[in-house]
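Here's the structure, in structure tokens; my notes come after.
Chains: A, B, C and D, in written order; residue numbering restarts at 1 for each.
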Amino acid sequence: MTDSRIPVAVLGATGNVGQRFIQLLADHPWFRVAELVASERSAGKTFRDATDWRLGARMPEGAADLPVLGYDADLQSPIAFSGLPGEVAGEIEQRLARDGHAVLSNTSTHRMDPDVPLLIPEVNPGHVAAIERQRKNRGWAGFIVTNANCSAIHLTLTLKPLHDAFGLDALFVTTMQAVSGAGYPGVPSLDMIDNVVPFIGSEEEKLETETQKMLGAWSDDCGFQPASFVLSAHCNRVPVRDGHTECVSVRLNRPATPGEVTDAFEAFRGRPQELELPSAPTHPIVVRREHNRPQPALDRDDAGGMASIVGRVRDCPLLGTKFVLLGHNTIRGAAGASVLNAELFKVDGILPL
Amino acid sequence: MTDSRIPVAVLGATGNVGQRFIQLLADHPWFRVAELVASERSAGKTFRDATDWRLGARMPEGAADLPVLGYDADLQSPIAFSGLPGEVAGEIEQRLARDGHAVLSNTSTHRMDPDVPLLIPEVNPGHVAAIERQRKNRGWAGFIVTNANCSAIHLTLTLKPLHDAFGLDALFVTTMQAVSGAGYPGVPSLDMIDNVVPFIGSEEEKLETETQKMLGAWSDDCGFQPASFVLSAHCNRVPVRDGHTECVSVRLNRPATPGEVTDAFEAFRGRPQELELPSAPTHPIVVRREHNRPQPALDRDDAGGMASIVGRVRDCPLLGTKFVLLGHNTIRGAAGASVLNAELFKVDGILPL
Amino acid sequence: MTDSRIPVAVLGATGNVGQRFIQLLADHPWFRVAELVASERSAGKTFRDATDWRLGARMPEGAADLPVLGYDADLQSPIAFSGLPGEVAGEIEQRLARDGHAVLSNTSTHRMDPDVPLLIPEVNPGHVAAIERQRKNRGWAGFIVTNANCSAIHLTLTLKPLHDAFGLDALFVTTMQAVSGAGYPGVPSLDMIDNVVPFIGSEEEKLETETQKMLGAWSDDCGFQPASFVLSAHCNRVPVRDGHTECVSVRLNRPATPGEVTDAFEAFRGRPQELELPSAPTHPIVVRREHNRPQPALDRDDAGGMASIVGRVRDCPLLGTKFVLLGHNTIRGAAGASVLNAELFKVDGILPL
Amino acid sequence: MTDSRIPVAVLGATGNVGQRFIQLLADHPWFRVAELVASERSAGKTFRDATDWRLGARMPEGAADLPVLGYDADLQSPIAFSGLPGEVAGEIEQRLARDGHAVLSNTSTHRMDPDVPLLIPEVNPGHVAAIERQRKNRGWAGFIVTNANCSAIHLTLTLKPLHDAFGLDALFVTTMQAVSGAGYPGVPSLDMIDNVVPFIGSEEEKLETETQKMLGAWSDDCGFQPASFVLSAHCNRVPVRDGHTECVSVRLNRPATPGEVTDAFEAFRGRPQELELPSAPTHPIVVRREHNRPQPALDRDDAGGMASIVGRVRDCPLLGTKFVLLGHNTIRGAAGASVLNAELFKVDGILPL
């Protein structure tokens, strides 16, 4: 029996996000992991020998015996999922895009480029139109599409139905972010035992600009036009392995009751749900009604880590509405987001095959 | 040599806040711990035998051999520091106040009463005027003065110089609170290992109302008039032993630069500093200039836990100014606050001696 | 379609172990959860309303709408899985056994009774013979079978192949136990943040006596005869949610190399593996060869939590052999152990049906 | 007023152990911090600018304005306290010893050299005799004295009175070690949140050999002769900031009751206590009698971190005696140990002044 699934490459395969890609793609119906790329330290070894696998006890069998290729490898797979570290991502991802690959990137390098979509299929599927511009501008056979920062993805997914139903005027968000967001080794344990660090480099700026870009418009004439709401972010690192918690207060153009807001969250569906994409959660937003949820230890894996979990929807004396959201930062906040993007591309026929 | 210090009683002596009182009073120049009160389970034992001391390796020698008295004991000490649990505090504290004691309480029972001050000596020393009203209203020989909730104390201390200099219009605060705030046994470890709980019962309401009362006015004609700013709070429990971290965004009536706000924080002094009260920190607000401070593990014990530590003062795109504050929740946030209040009372001659 | 699976009751259904039973039985091929029993506080509600579900985001649908029965309910299910708290377990479990139920208990009440098996199907399946004695002795229509303490189960499972192959003379074990072993609320977070507690009540004694009973013999003439090795235990509580880690040094009657010990671990199979029981792990003992494994965060869920994970098999300068083991304390260490016992009973036809 | 205290240098001043030296020496009656040495990255800056101070909120004022010197600096201070990282320590420490400095080292490089003492003043003050040999052998004007590994220091301190009173035959120790032992950044938080790592590189070997060397003899004829007991160690990293906990079982040549063992612990004194050295704890071993102590969060700072805290002294069914010990790993386990050594040298006139 031949495997007719589309071969894909995972860049930065031995890292935190790379491992998550390999885990999520292990039994994927449409894609199969065919090529693994990592730094020179790992290149030439099998994935098994090169990798300190950290997502549970065992790495997927299919990946274990694949050879790890170096950064300069010529790849055969039409799709390249990238969890490359920011310092090397730019050049490698550009080369692959130029050479005809669909590159789905998790680094911040190209996120704010005027011809690169920051894509969430439920939120801004129309932004894929920018790909055409990108290929023309740059003379590339392939293209780059990026995910937003992990906090921004879940915030945006949650804001989308509110923006559509009520209009978004201003919001305040305080994040309590998990350590896996900083990779491995990442955050020292002396910073996290009995402690909170009220700062994550560039995170507040990313949250502000990326959320506006994603909820904004694309037009062939004007390019990306960021949404015009005001966003203020406080970002913190807390002693949690996975799952970012965010406290949000929002001012809507048309004030809404907690019940209306909850209804909007629960009614929300997007193209991945319509198309029943393999990685799409049934509900992109799951609403919890308990007084003390969501909690990362209990809720981060709900819906396979692909939904944003919302709770405590209530009135805000200052901005009108407040709530808490939780999202898995390396699934829907990184690798899973790219996989969903690739699924959309396949259905929409925009893979460079 | 006779000990001429004022004898004081500690109510709820075996608990979390009670132990902190005993630690802070161990070598106090003006007060000596003379009487200890706890529930029937402890009454009749020595403090040493009744108590699982949890503030370091050793309890103060002076307290160890004191007998623990029951809730119904007749106390001789003019001052009663109370760390009683909320369910029993009301009746006991009222009886002691009626009988002529100055009761300095940490429970929420009487905090919002129209004739009970919520006192921070640096913030609202004028609120002691309400004591006269209280004694007359209630026919009490003594009185009750309360501390605010631990998060509200540090928030209010920090807001005071901004309110005075620029006027406070609106603010947003997200807390990340330590588990010692819930006492012992308090928060289960299954709720705190690899987790955040985005809810603390009644905490958000307390933050909103208590802060407004403390920053408001007292007049003999109108009683307490809460300050008129709007406050929205999100309260979270995080895996930290001691020290509440709060992310604050504030809209001032007269906009101020981060430099002006920092100057206001650093210039802030109150009556405790003028009077050089024994427990007064030199600066009620300590400003950190590093990009990632304050942090509870590093900064909570600065200034003996009696100051609020502020950092990351910067512009807020939504409200104008944002910053992070950290405060020790059982020192300046509870026991230390009461001790400072008592020191003020002694100097001002309003102890019922 | 009728459900021909055997109906089972879960006692203590709302608690830590009870929830684990319900999770493990949710899609069981032979058993279906039919009755739920809990304390009066919960009785009369649906399971959904009575329970703060803490094993992930969602309780199994099948259980959610079941009514919770009180401790005195007349049960119809032939099998009763018990996660009752120790203080109430004795009487309830005895009544049910008397009335004809197979009671599979996790409390320590009856563990050391001379006619009650402490059963691990891979280790001492012959101990079921004691059931006959028990029913005769007590005039019961049903019976009670118990699981050992969670630390003892994993230790015993690991020692079994060494005992068989080389003979066990003496051993030393230091445990680092997860907080879920103490239930909910259980261990206070102030005891577990930045801390280790080097004591767990009665745990060291249980480890010593229960391990000897399980690795000992049963004969109709002499009853249980404990194995004669010497065991010394140090038990500690550490800040881990699930998974007990144990450092073991062992003196064998016939000294063995690390390679021989590893081979014995890996070759180990028992009746559950022969019978291919639904909950049986393929290998009861999984050997890790990395220098720093097993680790609870990575390995506790391997083999569905039903295996003991062993690593660092090496020479011990004092006793000959040392290694580290890790086991999931509420799956193979509690609920999963009972489920496996029930599966064995079904195949062996000793259920009171 | 001139400062007549002996000037000392701190090598590796910006690191974890270096900061602890500076903290402990801040108000030392005999020594003053005069020179600070760190890597090229820090050299040329002030200590304030070069250092991310992590021992509380504030670095000692006296050190803050000192310039940081590079590794190749010519030092004027007769004493050099070294917290240098292992990879660079060897060469630098040797050069300084050659040039006439008393080097008190915390790295493992020279610990097992046949002419280098591993010194604990309460345990083996006679080992200083090896210094003469060392200087002659190597033609050095100064010398190197080392501390043992942090776990070995506390274990040895605890074993010493047992060895003297009863004779030590064999022992088993399982450590649960704090993350500060690995420096900063050190252990990744993904390894420590909800986890235990049952391995620390070379730690078990160090515990075995260093303990034997320290409890052994020195003679001019035979040099160091290690004590002949057998020691088996299991070393683990746990989520604790400071304080190593060790579970110990010991076989004594002359069996002793828990009472006798406790008496031996409590009666123990050494030369630092006789000489009343400034950093000497009154009792080198503190015995706790509670059933669940010592605990790192509560007891690590007792006696200023300079004592070993022992608890749970009881019979061991396998080796005769068991107990738990706790020791501060960067005070008596590192920097404080060197300071105590230097104090002994000053009194004994063996500083190269």
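The definition used in the following text is that a contact is a pair of C-beta atoms (placed from the backbone, for glycine too) under 8 Å apart; a residue touches a chain by one contact, two chains touch by 3 or more.
Computed from a predicted structure; not experimentally measured.
Taken together, chain C and chain D share the touching chains A, B.
Comparing the CA-atom centres of all chains against that of chain A, the greatest distance is found for D. Chain B and chain D have CA centres that are 40 Å apart.
Chain centres here are Cα means. That of chain A falls 47 Å from that of chain D. Averaged Cα coordinates give chain A a centre that lies 42 Å from the centre of chain B. In chain A, the residues that reach two or more other chains under the touch definition are 54, 191, 193-194, 239-241, 294, 297-298. Under the stated contact rule, the graph of chain-to-chain touches is complete, every pair of chains being in contact.
Those residues of chain D whose C-beta lies close enough to touch chain B in the complex are 54, 56-58, 193-194, 241, 286, 297-299, 301-302, 309. Chain A makes touch with chain B in their complex at residues 170-172, 174, 176, 191, 193-199, 208, 230-232, 234, 236, 238-241, 245, 247, 249, 291-298, 311-312, 316-319, 322, 324. The residues of chain A lying in touch with chain D in their complex are 54, 179-180, 184-194, 239-241.
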